[in-house]
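Notes for the one structure printed next.
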Amino acid sequence: MLLRRALPGLAGGLFAAPALAQSASPTVFAAASLTDALRALGAEWATRGNAPPRFSFAASSTLARQIEQGAPADIFASADEPWMDHLATRGLIVPQTRVSPVGNALVLVGPAGAAPVVLERGTDLAALLGPRGRLATGDPAHVPVGRYAQAALEWMGQWQAIAPRLARADNVRAALLLVERGEAPLGIVYATDALAAPRLSVLGIFPPASHPAITYPFALTRRAEGNAGARALLGFLTGAEAAPIWRRHGFALAG
Amino acid sequence: MLEVSLTHRYGRAGFTLEAAFHAPAGQVTALFGPSGCGKSSILAAIAGLLRPDAGRVALDGVTLLDTSRRLHVPPEARRCGLVFQEARLFPHLSVETNLRYGLRRAPRDAAGPGFDEVVVLLGLAPFLARRPAGLSGGERQRVALGRALLSRPRLLLLDEPLAALDLARRAEVLPFLARLRDAARVPMLYVTHALDEVDALADRLVLLEAGRVLAEGEAEALAARTDLPLAARRDAGVLIGCTVDGHDSARGLTRLDFAGGHFLVPLRDAPRGEQRRIRLRARDVAVATTAPQGLTMQNILPATLREIGPTGTPQEVFLRLAIGPTILLARVTRDSVERLALQPGQEVFALVKSVAFDPAGSRL
Amino acid sequence: MSLSPEEWQALRLSLDVATRSVALSLLPAIGVAWLLARGRFAGRMVLDALVHLPLVVPPVVVGWALLMLFGVQGPIGARLEAWFGVRLVFTTGGAALATAVMSFPLIVRAARLGFEQIDQGLEQAARTLGAGPLDRFFTITLPLAAPGILAGAVTAFAAGLGEFGAVITFASNIPGETQTLPLAIYSAIQTPGGEAMAARLAGLSFMLAISGLLLAELIARRLHLLLGRS
């Protein structure tokens, strides 16, 4: 009897729920280096009674091209400004929503227990690599961490020596894997990634003057312009409430 | 001397093979029987390609197989040359390389004919550089014979080598088999279900039926027996060894001598003194109690009626006739026997039409 | 169509890696194919399944597994470095290994078919002529299986030209060492303005692949004729 009356409600609920979830579960395309922090933030967002966001983590270049081809992202978080500019010039983001709330530092990593390295102009990194060693980092041609690494190495006057000995990874995580597995003696990654890799040691921090500021622009994509849920999530991720979680994961806060 | 004793149970066919016989060196022993009676399996077991449930195979005193002692010499060590129905020439090698395949792997001290000798024997010179695919069935079998012979075997096994050939090809290859027999001085075991091949080649006969050996012995002796399935055939008859005594071209006749008498047959192309074995079918022999006159039959031979025996058919009987040491069989109606009141021991005349003899015959 | 030096390098590297990968996997593949075709042992089905794994598992997984095994910290890689001073990651050899693993099943399948369609009666005949097992294998079995094996090798070569996931995961993307055509195309696509280069390289890949497959077919036919079959 009760079941009879409840049935339409149940059925309606069944069909409505996914639809609700669709519109309420925003999709976030984010740079790989934001993985751990964003997952934590996503969980926090969910505990507040919101639909948990769906994440896609990859290299900023890959994600930008996917969005360009029409991928269903609601929020884009890039690891550098140029890739966000790339989408902005094509009108694929809502410019008013663009904000860069967090920053990062660039570090040199090696196996746990290796000696620290002072990173200043003229430091002979090439010698530290040994005769056959390679330095793992993102591909400077299109991966943001690689671009920062190139800038830093040029500042140090080491670019000519190191460029042919790079192991160009597709993203930061891949570069980390290479150093973790001992295939490359050194790696240049973000400070936040070094935190997430307990088996590696940070051997030195690149001076902020050696590279452009590492900031992470966030923006709402054009297709999500009317999506209140997505807007709300973006506000949360870039707002004051998210600050403790960002800090916990090693990010610097802008402003 | 080859000694064979085998027992093997075929799960699927559901019948048991149980055979024991021996084959002397320098002679052709034919394994004769209907299709499916186990002949090919016996060859496979002798060659080592089949492991029988139980058995023993020994060649010149060397044991190749003895299941009771778990002794099984692998095929590659047995030196039994095997000629298959389908030739089984290696398609990627030339005829010459095929021929030399066994020769190269024969033990250094092995005796046997040389390469050129075999090529001449089997007429293979025109094909040496060709591939097997370009040869006819008969030509391929000749190569297969040569290949087996050149492997210097201690025993030659031939598994119905002519069965896959048409009549013309068989006639072409048969003489080569006879030459092979003369050239190979090892025992030859020849499996067939064709009686004319037996007539042409076999010295000894092992008669098989449903997996069992019914009889074993000289071909002539088995042919003269009336108690075997051989006798039930419509073309049953004795085998007689003859010598060509002479020709009378004016009359168009040839005289064939045998122990106890002679036959006159239509003129044939054979040199004097050549030995031939002929089959005289029982149904071609008539019997008279008195010397007949005015008959076309060229051969009227005095004989002694030794025995009157049954055939498979109730209306017909076998008359066993002796002409000297030679036995003839005549197949006549029971009615005739009663009419003429024939008795064993009686002196009669055997009547044979000269045209009843196979024109070709077979060389001994 | 003229290519830049980097593009030539990618082409040369592709041919090098594909050739090395076939050379590496040919003998083991023949051995495994023979075992699968003629062997009667427990676990034959398991071996068959293992051989086909690279065909059905994501190539990246294969690359990752190779990293775990052949990286300097892996059980095999550590010994390679300690005993021979050989490292595979970042090297053409590593790219060849990854490619070899991915195309291994292709050679095994073709070689196995080659062995299976040989008339075993021919091998029996060879036995009666005095040929032992190794002798038979090299004089009868292998030559007759050759068309299948060769076709498998050429197919594996053509497939090896296009291997991506396993190579980039295991050997990484090092121009001049491991950046084969597929990896170069991938990098070009990622780089802004690299579309033209990507298109050129893709066209090149396509032509190479077609040539490879046609070659395989021609070789197989020629060998069939040689072996006296229609």
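Just so it is clear, A, B and C label the chains in written order, and each chain counts residues from 1 on its own.
In this text, contacts are C-beta pairs under 8 Å (C-beta built on N, C-alpha and C of every residue); 3 or more make two chains touch, one makes a residue touch a chain.
Since the model is a prediction, treat every value here as computed from it, not as a measurement.
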item: Most distant chain from chain B, judged by the mean position of its C-alpha atoms; value: A
item: Chain with minimal offset from the mean of all protein Cα atoms; value: C
item: Rounded Å distance, chain A centre to chain C centre (Cα mean); value: 37
item: Approximate Å spacing (C-alpha centroids) for the pair chain B, chain C; value: 57
item: Separation of chain A from chain B, taking each centre as the mean of its C-alpha atoms, in whole Å; value: 92
item: For the chain B and chain C complex, residues of the former touching the latter; value: 47-49, 74-82, 84, 86, 88, 90-92, 101-102, 105-106, 131-134, 147-148, 151
item: Touch list for chain C against partner chain B, complex; value: 119, 121-122, 124-132, 135, 139-140, 143-144, 226-229
item: Chain A-touching residues of chain C, taken from the complex the two chains share; value: 67, 71-73, 87, 89-90, 168, 172-174, 187, 189-192
item: For the chain A and chain C complex, residues of the former touching the latter; value: 59, 61-62, 65, 86, 132, 134, 139, 141-142, 167-170, 177-178, 181-184
